[in-house]
Structures are given as C-alpha cells and as structure tokens.
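Naming follows writing order (A, B, C and D), and every chain is counted from residue 1.
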Amino acid sequence: MSRLRFATAWLAGCSGCHMSFLDLDEWLADLGRLVEIVYCPIIDVKEYPDHVDVALVEGAVANEDNREMARRIRDRTRVVVAFGDCAVTGNVTAMRNPLGSARTVLERSYLELPTLAPAIPAAPGILPVLEDRVRPLQEVIAVDGFLPGCPPPAGMIREFLEGVIAGGPPVARRPRFG
Amino acid sequence: MTDSITNQSVALDLGEVDARFGSIGEWIASQGLSNGDLMAVLHRTQAEFGYLDRGALGFVARALRLPLSRVYGVASFYHNFRLTPHGRHEIIVCTGTACHIAGATRLLEEAHCRAVGLKSVTVGSTRCLGPCGAAPVVVADGELLGGQTAESVSEIVARARHES
Amino acid sequence: MTAERKMRINDVQVKFEEGETVLACARRAGVRIPTLCHFDGLSDIGACRLCLVEVEGSAQLAASCVTRAEPGMVIRCHTTRLAEYRKVILELLLAERNHVCSVCVANGNCELQDLATEHQIDHVRFDYQFPALGVDLSHGQFGVDHNRCILCTRCVRVCDEIEGAHTWDVAGRGGTSRVITDLAQPWGESQTCTSCGKCVELCPTGALFPRGTSVGGLVRDRGRIELAMAHRRHESCHG
Amino acid sequence: MSPDDLDGIAARENASRKPIQIRCCTAAGCLAVGAESVRRELQGVLEQHPLRDQTEVIGVGCMRLCGFGPLVRRDPDGTTFAGVRPADAPAIIAGQGPELTPLDMHQPFFRNQKSVVLANCGIVDPERIESTIAAGGYRGLRDALTLHSPAEIVQFVTRSGLRGRGGAGYPTGVKWSIVAGSTDPNKHVICNADEGDPGAFKDRTILESDPHRVMEGMVIAGYATGARTGYVYVRGEHPLVTDRLQKAIDQAREFGLLGTDILGRGLIFDIEIRVGAGAYVCGEETALIASIEGGRGIPHPRPPYPGKVGLWGAPTLINNVETYANIGAIVENGPDWYSAIGTPTSRGTKVFSVAGRVVRTGLVEVPMGTPLREIVEVMCGGAPKGARIKAVQTGGPAGGFVPEPLLDTPVDYEAMAAIGSIVGSGGMIVLDETTDMVEMARFFMDFCRDESCGKCIPCRTGTVQMHGLLERIGRREGTRADVLRLELLADVVRHTSLCGLGRSAPNPVTSSLRHFRGDYEEKLRGGPKS
C-alpha cells in the first residue's frame, strides 16, 4: 500500500523540536522507508504540497506568514499535529503577549534599546508583519493531535509516529509540558 | 473589573501616621472595638479621609492588632473601599440589569469620554443601587438621579468640571 | 450504640476515626485522590476542587479534603466524570496565568505539571489569558513570580498557622486576586517576614523560589516542614 | 413596656392622627425622581394653608408602582397621584386640581396583590415606631411571648410551610429547629439584606418602608431559638436602609422591644447593623459570616452548615429579609392561615420587584402559584409600546430565562426549577423581542466573573473563559466548537464550584442555550450549519 505522505513544518519556533526530531538518528532511515517525506525544512521543497497525510507543525503563530502557512497546511493535510510546546501552548514565543501589542515590543527592541540608527524594520513582502498576539496553533486552525514538550523527547516522537503510521490515533501516551 | 493589585514601596513613619489618624484611634477606643470590627473601622476611615492609603491601612492594622496583609486583603476585596484618591467630584453610573437594558453602557461611555483628563472628576460604575423604577440611574456626588440620558450625563460632568 | 465507623471507598471497606476526612481515609486505603491546595498539617479550605468525589445518595460532589467520613458512606473517587472535571480544572489553571514550563525553575518538579501529565493533558482547550503579572526579587533570598501562582494559598496558611508571622495574604478579588506581603509592598520590605522559607518549600509550582535557582533547578526538601508541623500538631488549636 | 401597653400606644397614635393624611412615598425609587422636594413643598404649602389643622403630610414607604413615582396618596379617600411635581402641591392639599389625574387603584396591578409582607408598606411612617404599632406592629411578638413557648413557635414556622425567600427555598422551619435544638448558650440570628441581584429591590424596599416588621421577625426568631444577638447585613450601596434601620432599632430599644427585658417578659435580644462594602458573594451565607467577622467575603465549605457552626463558630440562623417579614403574621394569624395561601409545596406569598422592558415597574406581592404571565402582562402591562415579551428573567445572575411561551408557569419553587429557572430572591426582569439573549448571558457572566471571590478554580477561571466565549460569539466570530466549550464549562463550573455563586453562574447560559439556541446559532461564523 502506498506510503504515508509525511511533512514537518516550522512556524514561530526555535527549531529545537526539529533538532529532537533529528535525534531519532538511525530510525530516520526507517522512517524514510515507512513514509514519503514530502515537505520538511531540511529537504529542498519550496511549496507545501497537496494531499499530505500527517504533518508535524513546530512553532506558534506569531506573524502573518505563520498564519497563512498554518491555513495552507490545514487545507492540504489530513492529520495536523501541534509539535512541541510553542505550537501547543505558545510557550516562549508567546511570552511577549502580556507586554501588549506588537508595536510595544518593536518599539522597545528597535527604538529604545539600539544606539545605532534606531528604526523599526519594515520590508513589505519580505519581512512578515508581527501579529499583536502570538497564538498556539489550535487557536488558528483545527488541530488533530498534540505532541507537547520543549522539545518533545525523540522517543516520544517515534512512539507517536509509529502509532500514527500503524493507523492509530495521533495521541501521545505520557504527554508532558516543559 | 476590580483593578489589579500592584506592589508599592512605602516606609511608614509611625509618628506621622498616628497623628494623622488619631481621630480613628480615639473612635476605636471609645467604642471598645476589636479585630471583628475591621469592616466598620474601614468604612469610618474612608468616610473621614476619602480613601484608604497604605498609611491608613497600616494604622488600622496596628490599632486592631491585625496582620498588615489581612487588612490590605480585606480593603482590596470590597468594591466600595477605595485604595486610591478620587477626584473631588464622583459620577457613578449604575450598571445593574434594569439600567443595563435602559442603556447604562452608553451613559458610562459618555461620562468617561466627557471626563477624560479631568483630575477633579472621577467616573465609575457600580452594581445595582436599587431604584430600578428610575432606570437608568446615576449617582452624582452622592445624589441619586433617575431617568438619565447621554445629554443629562454630559451636563453632570460639565457642571462638576465647572465647579472644581 | 453509635454506628460502626466504617465506609466504602471504591468498593473497599475502610474503618475511620471520629472527625477523619474522606481524603485521609482514602489515602490510608491506598486510593490516590489528586490534590493541590491540600497539604498535610495545614488547615483545609476546599479551594482547588481536584479532590472532589462522588457520594452515593447525594447529587452534589464533595471535596474529600473537607468532608468528614460518616458511617455507611459510599464514596467513588475515580469515575469518568470526575476524571473529566479534574482535567478541565487543570486546563483552566494552565490557561489562567503564564505557565511556561520550559523556562521555569520548577520544570520537572511542579505538582501542576505532574498532575497535567497524570491526567493525560496534551493541550489546553481554553483560550490562554496571558495576563501581565510581575516578578518581585526584592527579598535577599527568595523571589515570587505571580505568573506561576495558582492561588492555592498554601503560603498564606503555612505563614499564619505554622510560622505565625501572617506576612502573606490574598488581595483583590476573582481573577485579579494576588498573594501579597504586608501592605502589598515588595517582599524585601516586609517587617513581619522572618525569612524562614516555609512558604517557598510548600509552594506547589515555581511561583516562590530561592533566588539564583536556574531552569529546572528547584529541588524542595519538605522534611523540615513536616517535622515542624508534627511538633505543632500535638498542641495545635486547628484540629 | 408591658404587652398591654402596645394597644395603649396604638390608641394614642391613632387618636393624634389628623383627619386628612397626605402620604408621600420616600423610598429610594421615588427619591431618585425628586420625591423629597415634593414632600418639602407639600409641607411648606400646608403650613400657610387654611386646612392645616385637619391635614398632615407623612413621609411613608413604597406604594409599589415605582415606575410612576413620585407617588402621593390622599387619605382617607385613598386617591393616589403619580409623577407628582412640587408645583402640584397646592392642588393636592386642596384635594382637586385640573391637571392632576389620579391613578386607577382598582387596576390589576393593585387589585391582584395579596399583602402579608407589604401590608404596611406605604402606610406607616418608617421613622416613627408609634406609626407601626398603631398599624398592628409587634402583635405577633406579643402573642409569641405571652401565648406560646419557643418550641411552639418553631412548630408554627414549620407548619406554615414557609420556605427561604432568599431564592433557595430551603424550609425555614427546618433551619429554625436546627438552631433551636443546639444547647450552645451562644447563638446568633442574622438577617441577610445583601440583595446583590442587579435589578432586584424588594429587600431594600421592605427595610426602607417597614423595618419593624423585619425586626419583629428577628426577635421572634431569637425567642424561638434562644439566640440573644441579631445582625442585619446591609449592602454598602443602600445608605437609606442603614439610616432607617438604625432609627428603628434605637426606637425599638426605647420602647423595650429590643434589649434585656423585651415586653417585660425577660427576653434578651438586640440587633446590630453590619454594613457590607460591595461584594455580591456576601449574599452567600458563609461569605456573609466571614464578612461580619471582619474578613474577606470568602465562602467556606459546607457542612458544617451555619445552623451548627456559624458566626464565630456559634450556631447561627440566617434568613432573608422577606422570610423574617412573614414571621409576625404567621404567629398572629396562625400557621394554617398562612399555609392556606399559595401552593401545596410553595406556601404563602412572594414579593417580586418587576423591572426592565415593562410598562409598570414596581413591587408586587402575590400568592405563590400565581402564573408569571399574570404578573408580567396582566398586572404590569407587558412590554411598552405594544412590543412582544421575549422572556422573563428571575433570580438575577443565578437565575434563568423563562421564554414567553412558558409564562404560564406558576411561581413555585419546583415548577420554576423544572423549566431551568429559579424563583430567586425576587428580581424579575422583563425582556422584549429586541433583546439579544447571547448579550444578556454575557452581561450576567461578566457580573459573575467580576463578583467571583477568586478562591476556587472552576468559578474564578471558568467565568473568565465563559465570558470570553460569549463575547466572541456575540461578535459573530464564534464557532460551533465554542458553543460546545461553553456547555462543557457550564457543566464543570456548575458541579465543581465551592459555593452557590459558582454553582449557579452558568444558569443564564444553560437556560438561554436551552430556550434560545437560535440566538446563538445565527451568530456562529458560517451561519447555523457551520
């Protein structure tokens, strides 16, 4: 039977979850046989494809690009999994939320603190616009499974994927934040 | 919503505090009050001094032999106790159900925007005051006024600004 | 003849002493009931509602930490309904303030975190509130981070009932409630705090912590406190 | 004062009344629309008027039709004038005047009322005890002390079938017998006058209009249970109640109806006022006790119930204003007279304050079992300008919505519970067809969120989440998943909260979802089918 079309994506996160994914070391080779990796930050595919079966999405939704990518993933994917605490809870990425709007954060970072040519960076079309609130993935799109952890340990990722590949539900057995 | 609690550094000069609130101390002694009367003492202190600053709360705690944090906890729990000074004029819009249906939200907005920047006029809201037959109700410096409208509220604010 | 002091917990027959709580009986019978605001030796207040149990013949759930065992009582501690209620209560807590486990001193040593795992919580179904809350590092030895406080008031009770200083109490109301020291002054300015650290020891999360603790570095030794409570209990007036 | 003196005082008071009495309502409802200046003007005009010897102006309590205030009645003929202005004073004193059209006192609003609690409202002068005694006040207390034993009184209250008028409807007799049964020498009686329900004003009105009736009920409770100290917990927002009640207490002490030898029968009982400071949760009995003890209004787990362990640990009886206001009549006329009123499970009368989108806002006292429709449409004239009534809300933030088709439901504890509402303490808000039920549910949830004491997690955080969901649905940004989350939270908050506030906070949501699901569906993103 044809292999599962598998993808991972990376929104507003630190890539630690993908590092943990890579800690699967040699099992990645098995994974390569079990599924067809159709999109991933570490393979050379520019456009998120259609008919993806399972997608692990790392990172929260912090800017308009993230939101657009999240929508695109949702439209083209059967099982979307929030991968890591940033996607599941907002985690560190969302720690700016209590400070107020994006404007407050930008002013602090780019006007008050820098001494050399302080200015808020703006490059329409290139630099995505920050949203006022960083949101966990399930506040933006419907999410089918959750893999919490910062990062989720490699063992948990493997157990989770093996379950999903075998047709089981996208549920982590002993989920743990942090 | 009750406003949030923020820390404030304060060095209480006990002599100054005792002098400022001497009348409260005498009243407590004359009435033979104890720590069960904290609410009555806070009511009296606010009536006499306008609001309850940390000096007042520190004094009351010592006078009734109560922990400082307990007195602050009680004072900050109840809506009617004020921990910060209010303008000389106070305009309170009732937001009970009957007044809400009669347009209290609109009156509160009107009062707020008319009084913005005026230190002498404090605009606030309160739970149901009871005269629902006269909804919507506004209390201007303690006087209960029924059947209010956006125009009448803006006049009240104007009059308060004019007088202060 | 007074009725025999016997009750049933999860179909297990349990004997109890006069005045003993259902929670204490369950523990003796080896039945684990989740708790957060309860701490042996402190007065019980029934605030977190995690220890709710079903009592046969009553439509209302009972908080086992404050419910006295009665002869003939039949208690259910683990039903699907209770599990779902406990899960929702824990999710509500996780969404109320800023519990960022990954960068918290108590990461790996937090009762809220452990309970979330125990109840299979892999995400929170409610909107995160992201309130703006402060951190107070004015005390030489300890710090308080209100983002991690769940208002269980163990600190308030241990400071009042065991240390006797009553430095801590709760100020404000509802969602804007907050633990304070003295007149809501910086902790370091407190004239009543004896710096005994009992509150820091009992805090279930990373809200109260020894300064200088790194992420995941908070280790608690509650033996000292349990000893102090045992000494106090024999003449404690809070029976 | 001895029991027989009561009649002497009454006789002297009635003899000193002038033939023509002009009664002016001075309850807060009318004061808010200028009743005080009307009363002053009437007094001023009378002083230079030829009829001044046969006429007197009396400030009295509520005449029930608050929406048409200020109200003035000329007795003995009883013609009552609405919306009186100071300029109308001369015409009223003279007894006739072109522009003064008297109210129809035989309209259903007045005719369909059956007065037990409000019998003296608008008749007696609340600031003169003699006026109440002349109208028969304290006869119940006299009969209790001279004819019946404490145990008999508890029996009377039980047999009368009276149930708590604070909203829960707990059998009053049971409460009294628990406190009476305790041998603890130190007991208390508390009158819960917190009335925090927004839109409810019946407790306030009773205390402003006839405080002695409530105090009489408390003294009888002291006699029946053995308690010696009584407290009335009044809201900080009701200064007029505190003033009138304190005057009544002082006068009652002077007349030996409070103190150490009541009516010369050796009964010791006194009443003190405790003023709240703005916390709806203090309507819950254990939070009220914590507040009287000088603490934050934080509820305590029950059991133990206050009847066994209450104020400062002593057995404490806590009843609502209206509950105590029934006691005197029950003792004087006997429990069977009382239980003949109302329905087999909900005896006696109930006082409602009707407000909102209704033609006649005011106070009505009707036998239990009266259909809601009779109160809202027949007596209070339905919604103004011929608009259709959409729902009636009873019980405030703890209550539910009764949709128009179910308005034939009788006012009865069990009947109201069956349709997902409660009799409540007495607030009744009429909502017309323009009302957005999602917005109303949000309004009550906003109230509960702000008034939650913050102690227990489900109420403190659940109300915040439910308010956020209701706001989002109200902005038409809500989804079906949001409605399901709302129902989940309603279930959790209702069954796991520590006290009544949290347990009933979801009622407006569940009741509006049950009776007005369409209001929610049409606001969902992508319409009802999404």
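We adopt the following convention: contacts are C-beta pairs under 8 Å (C-beta built on N, C-alpha and C of every residue); 3 or more make two chains touch, one makes a residue touch a chain.
Only a predicted model underlies this, so the values are computations on that prediction, with no experimental measurement involved.
Asker: Which of the chain pairs holds the record for C-beta pairs in contact?
Answerer: B-D
Asker: Averaged over CA atoms, how far is the centre of chain C from the centre of chain D? Could you give it in whole Å?
Answerer: Taking the mean C-alpha position of each chain, the two centres sit 39 Å apart.
Asker: Counting in whole Å, what is the centre-to-centre distance of chain B and chain D, each centre being its mean C-alpha position?
Answerer: Computed value for the inter-centroid distance: 26 Å.
Asker: Using mean C-alpha positions as chain centres, tell me how far chain A is from chain B in Å, no decimals.
Answerer: 49
Asker: State, to the nearest whole Å, the distance from the C-alpha centre of chain A to the C-alpha centre of chain C.
Answerer: Taking the average C-alpha coordinate of chain A and of chain C, the gap between them is 34 Å.
Asker: Going by the touch rule set out above, which residues of chain B reach two or more other chains?
Answerer: Within chain B, the residues that touch at least two other chains are 1-2, 70, 73, 77.
Asker: Residues of chain C that contact two or more other chains, please.
Answerer: Answer for chain C, listing residues that touch two or more other chains: 127, 170, 172-177.
Asker: Among all residues of chain A, which ones touch two or more of the remaining chains?
Answerer: none
Asker: Got a list of which chains touch which?
Answerer: A-C, B-C, B-D, C-D
Asker: Spell out the residues on chain C that touch chain A in their complex, using ranges where they run on.
Answerer: These residues of chain C touch chain A: 94, 98-104, 107-108, 110, 113, 116-117, 120-124, 127-128, 130-133, 147.
Asker: Which bits of chain C are touching chain D when the two form their complex?
Answerer: For this pair, the touching residues of chain C are 45-49, 52, 60-61, 63, 66-68, 84-85, 88-89, 92-93, 95-96, 125-127, 129, 150-151, 170, 172-177.
Asker: Inside the complex, what are the residues of chain B that reach chain C?
Answerer: 1-11, 54, 57-58, 61, 67-73, 76-77
Asker: Using the touch definition up top, name the residues of chain D that touch chain C in the complex.
Answerer: 279, 296, 300-301, 303, 449-458, 460-465, 468, 485, 488-489, 492, 495-498
Asker: Applying the document's contact rule, which stretches of chain D touch chain B when the two form their complex?
Answerer: The contact residues of chain D facing chain B are 28-33, 66-67, 69, 195-201, 204-205, 236-238, 274-280, 291-297, 312, 353, 355-357, 361-362, 393, 396, 427, 429, 431, 435, 443-444, 447, 449-451, 453.
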